[in-house]
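Sending over a structure as structure tokens; questions will come in a sec.
Which chain is which? They are A, B, C and D, in the order written, and residues in each are numbered from 1.
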Amino acid sequence: MAYLKDERPETMMVEGDWQVGAYRWKAPRLLEEFSAGLKEKKIIGSMCMGCGKVITQPRHLCGRCHRRMDERCVLSDWGTITCFVISPKVEKGKYKLFGMDPVDTGTLKLGEILIPVFVRFDGADSNINCLLLNAKPEEVFIGMRVKVVWAKEPKGQMADLEGVEPIREK
Amino acid sequence: MEKKSGVIVVNGLPIVQAQFNWSVGFQMQNFLKALANKKFLASKCPECAYVYAPPRNTCSKCYKKMEEKDLVELSGKGMLAGWTTAYVELDGKGNFVDLKKPKLIAAVKLEGANSTLFMPLEDIDSKKLKVGMAVAIEWSPETKGGWKDIKYLRAV
Amino acid sequence: MFRNCAIIGCGQTKHTSRRRDVSVAELAQQAVQAALDDAGITMKDVGCVVSGNMQGFGGVAQPEQWLGDWIGCPGKPAIRIATGGTTGGSVGQGACYTVASGMYDVSIGVAWEKHSDSKEAGATTGLMHVGMGNLFHALTYGLSLRNLIATSAVGAAAGVAVYQAMFYMHRSGCKQEHLDMVAAKARRNAAKNQYAHLQWPNCRPEDIAKTETIAWPFRYGHVCPASDGASCIVVAEEKTAKRLCKQPAWFLGLASYSDEENQLQSENFGGVGVIDPSEQMGCRVSAKKAYAMAGITDPQKEIDLAEIYQPFPSQELIFSERLGLFDDGTAWRHMEKGETDINGRLPISVSGGVNATNAIGSSALQRILEAALQIQGKAGEHQVPKKVRKAVAHGWGGVTNYITCTVLGDSPR
Amino acid sequence: MEKRIAIIGYAQSRHQYDVQKTREDLVFDVAKEALANAGILREELGTVVTASTDFLDGRTISNVFLSMAVGAFLKDESKVEEDGAAALQYAMMKLMTGTYDVALVEAHTVGWQFNPHQVAAYTLDPLVDRQIGLLNDIAASAIQANMYMNKYGVSVEDLAAVSVKNLGNAANNEFAARRLPDVSVGEVLKSKLYYDPLRELMISQTADGCAVVIIASEDKVRKLGVECPVWIEGVGCCQEAYLRDRDLVSLSGLKSAAQSAYQMAGITNPFTDLDLAEVTERFAHEELLICEALGLAREGRAKELVNNGVTALGGDLPVNASGGALGADPICATGLVRVVECVRQIRGEAGTHQVPGVKRALAHGQFGLCAQKNTVLILGGE
């Protein structure tokens, strides 16, 4: 295989864009059910009558059985951490969301450490990705039992599930 | 209870867009830079003599490489091969916008080149257009070495 | 009938973060020309062109329509295959199928990616665009921005691979220092590969350990770069291959099985029934099928070399187990002993792999290409000292649910 | 062909702009229906090949969330970023190697998501045509139409006659999106003008749609005891050079693709050997160009076929009895819909637009500006 040596100096460039934000999509009304459940502090999952798997957030197709998942069930708000990640301390200019710095917009606090976790709620065969609250980074472990931290006034939106916190024995 | 329609329409955020800056490669760079001097370059395949305008580094017919030495200068005049009158145009976000004044788009074979170029055509009534008509490049008053240097094509 | 076919020519470009000297068309052309030269044929001998990249990263839709002129498409059957990260692997397999089916005698498979054409680093908008529909959907239901950033942006560089690594480490006992070792090995190997991107001669795990942590357990030193580059293979049927090439690399087995989405989300923000993304059922099945096709019963003994798609070091360990090269949960122990080094018992990713060079669309094709080079004995400085008879090339893509697995050998089936 | 491949099952969605279904549902329903049509279970599938593109679907890796819906869970899966007919060809190659014996081919596009003509503009040469910023697929095809009309003295009424024929045919096809039974040449010529001479009714109707075809190798067909398999007798595909360096007036790529397909199927005179053709005409004039490239008419004379009713529903060689792409154009699926329509005709299941006694049909799929990439398939009954 011949090594190509004829590299040339950098050339100029021309610009262009792709308007990905101008697209639109179609979504089923499933998340509506899910967020309506959150208002009543319930986590709703969908169940496949073929293989018995319970998925949350609800999904309406089971690819394993290639059939619809029409049944719904309510899951426990207790669960187990199956995986976690510990972020370094939040700094300015490190993350970008739609071109804005979350520290400037106040979404994240300077210097805080985030612990995104995967939680498998009791009764589900899937994970939900959320934040671990009220816990120190060094005490997290896989298999930790946690419960949901609900928003003070659930409004029926995804943000009602603020995160999870460890279940502490008194 | 009234049954809602099956789907929810999810709109994107128009501020989100992906932006690109494509590097042009040496042949196109030669071409773009030469535009500043009101020169229109092309490249001639050393094997099959097909002339590509704008120039490129590979011949699509015989797959031979073309270097700087294969660059040729075109006269900037050409022949009309085809055209269309545009009554709408895309706004870049996927909408057709009606044009107040229709635009002419010409397919032109520049003198000495085999490629067909697609360029704006102005200063002529669309009813007078004929295949084989002579056209020429109208240069911008100020040429800086970019696509904007070519203002449009005009009938000779 | 599976007609025997082999790789008789390989070509790739130098990979760096900015190949601004060429346009994307010229970049792909360089790889094609190199492969044709290597095979000793001209474009006239080629029957079919299979190509692919990830179009969102280059900003040109269906780029083969435009740059087909540079890769030899005009006047020929041309198929564009794109399956995300596995694009290259699927292109390589596509080139094999076009010849193996008896439709064409010689095909080329070419894949490329030019990240520097995108204004954002690492084509983030393009990547985010995988889940953009889901994201906007969830935002209409009031997904908290804080959660969104925490779960996606924090891992932006590492993505979900970091969760996958956590699962693996938890169930196998592998430690962060083992990831350092894998990363150091990749950098070291890459230094011997003149085409590789991140080269670091004599890199030691301690050097990697000094780099900053981005999200525990990943450090900057673990993460793959975003490269510009292209690669191309020439595939020919048995007679042609034997005539043109002293040692062709024969296709023995190939499979590309897909699994359920592995990363939390399905279409429209639904959940998925995969708890552990390091489980990789798709890879298990692909490997089993490919080995069965190649007549391999004990991969641990019969495979001489593996090229694994490992943008993150944990993935080399996970997938080497899933490819049946080591028992479950033991890959890191073998790696620790140096068995997967360039002169080890079972060298893995001796080219430096994706961890050192990641031109996404082309990366998986490069794995096939590098495995072929080792079989042909043409790898140069990073040629393994032992004779390579059977090698496996792997690729993953999508949301880690797509796998390509290709087995190459030094003699036909 | 060494190993014969047959189509054993098919399904298509009801194409329309903005179908009230999610992309996942659209694909799932059609895949399910096709499996039922073939009379097999998902478990029997060997490989799955899909066709869609990232720019049209509005997702990078457009197939990634659809593997489960299409039935590819733990199946060999691949995606062709082309027309569905090309996907069928690729799946066929996979079966010809003997690695698998049943394949599912799926193609879809949700045209409602984003203007596909804008996407066509994104396919242009980023260094030249995208910088000039004038072209898109309609503009390029309008220039092509003008060139063709000037060269051969074809009038705009001749183009409108193609629209009238196809839109009328579409009215008989329950799956088509734009169904205009009594449209006249005058009405076509009064519809909104986009790029002269192309008017709204001469431009294909963008639609949401999905098509699925299930193919099997000969042994498997016998084993399954399929009653009326439709054999793929010939296939050919070819790409042409980019817009600037090709002859727009003659589709040389399609000629070459048709030649290889005819050779494979042993067709010497396509006009007499074929009973029906389903072609992808994104614009009215394209049908004329395509008919000429397929060897059904001499260069510049295809208008006679339309004007004399040869290609009409009751003619000697009906072209686009289903209404073609002018009737419904779910971009990536359009080529595969043509295949599905041919299969329906051969199996005698086409309903109101059934052409009697179809034994051999031609399906054509195209992709790219001005039919840059073409795939031709010859299908035949037993």
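Here is the rule we use: a contact is a pair of C-beta atoms (placed from the backbone, for glycine too) under 8 Å apart; a residue touches a chain by one contact, two chains touch by 3 or more.
Just so it is clear, the model here is predicted, and its values are computed rather than measured.
Ranking all chains by how far their C-alpha centres lie from the centre of chain A, first place goes to B. Judged by contacting C-beta pairs, the busier of the interfaces B-C and B-D is B-D.
Note: centroid distance chain B to chain C, computed from Cα atoms, is 37 Å. For the pair chain A and chain C, the distance between mean C-alpha positions equals 27 Å. Centre to centre, using the average C-alpha position, chain C and chain D are separated by 33 Å. Chain contacts: chain D has residues 21-25, 55, 58, 67-69, 72-73, 114, 118, 122, 126-127, 131, 241-242, 245 touching two or more partner chains. Residue positions of chain A with contacts to 2 or more other chains are 8, 10-11, 13-14, 16-20, 22-28, 32, 60-64. The set of chain C residues touching two or more other chains comprises 20-23, 56, 59, 68-69, 74, 125-126, 129, 132-133, 136-137, 140, 260, 266, 268. With chains as nodes and touching pairs as edges, the resulting graph is complete, every pair of chains being joined. Interface of chain A with chain B (complex): residues 8, 10-29, 32, 98-99.
Of all residues in chain D, those touching chain A in their complex are 21-25, 28, 31-32, 35, 42, 55, 58, 67-69, 71-73, 110, 112-114, 118, 122, 126-127, 130-131.
Per the touch definition, chain B reaches chain D in the complex via residues 5-7, 12, 20, 22, 24-25, 28, 50, 52, 54, 60-61, 81-90, 92-96, 102-103, 105, 107, 114-120, 126, 131, 147. On chain D, the positions that touch chain B within their shared complex are 20-22, 25, 58, 114-115, 117-118, 121, 126-129, 131-132, 134-136, 139-140, 142-147, 150-151, 193-198, 241-245, 248.
Those residues of chain C whose C-beta lies close enough to touch chain D in the complex are 1-3, 23, 49, 52, 54-57, 59-66, 68-69, 73-84, 90, 93-94, 97-98, 100-103, 126-127, 129-133, 254-261, 266-268, 281-282, 285, 289, 293, 397-399, 401-402.
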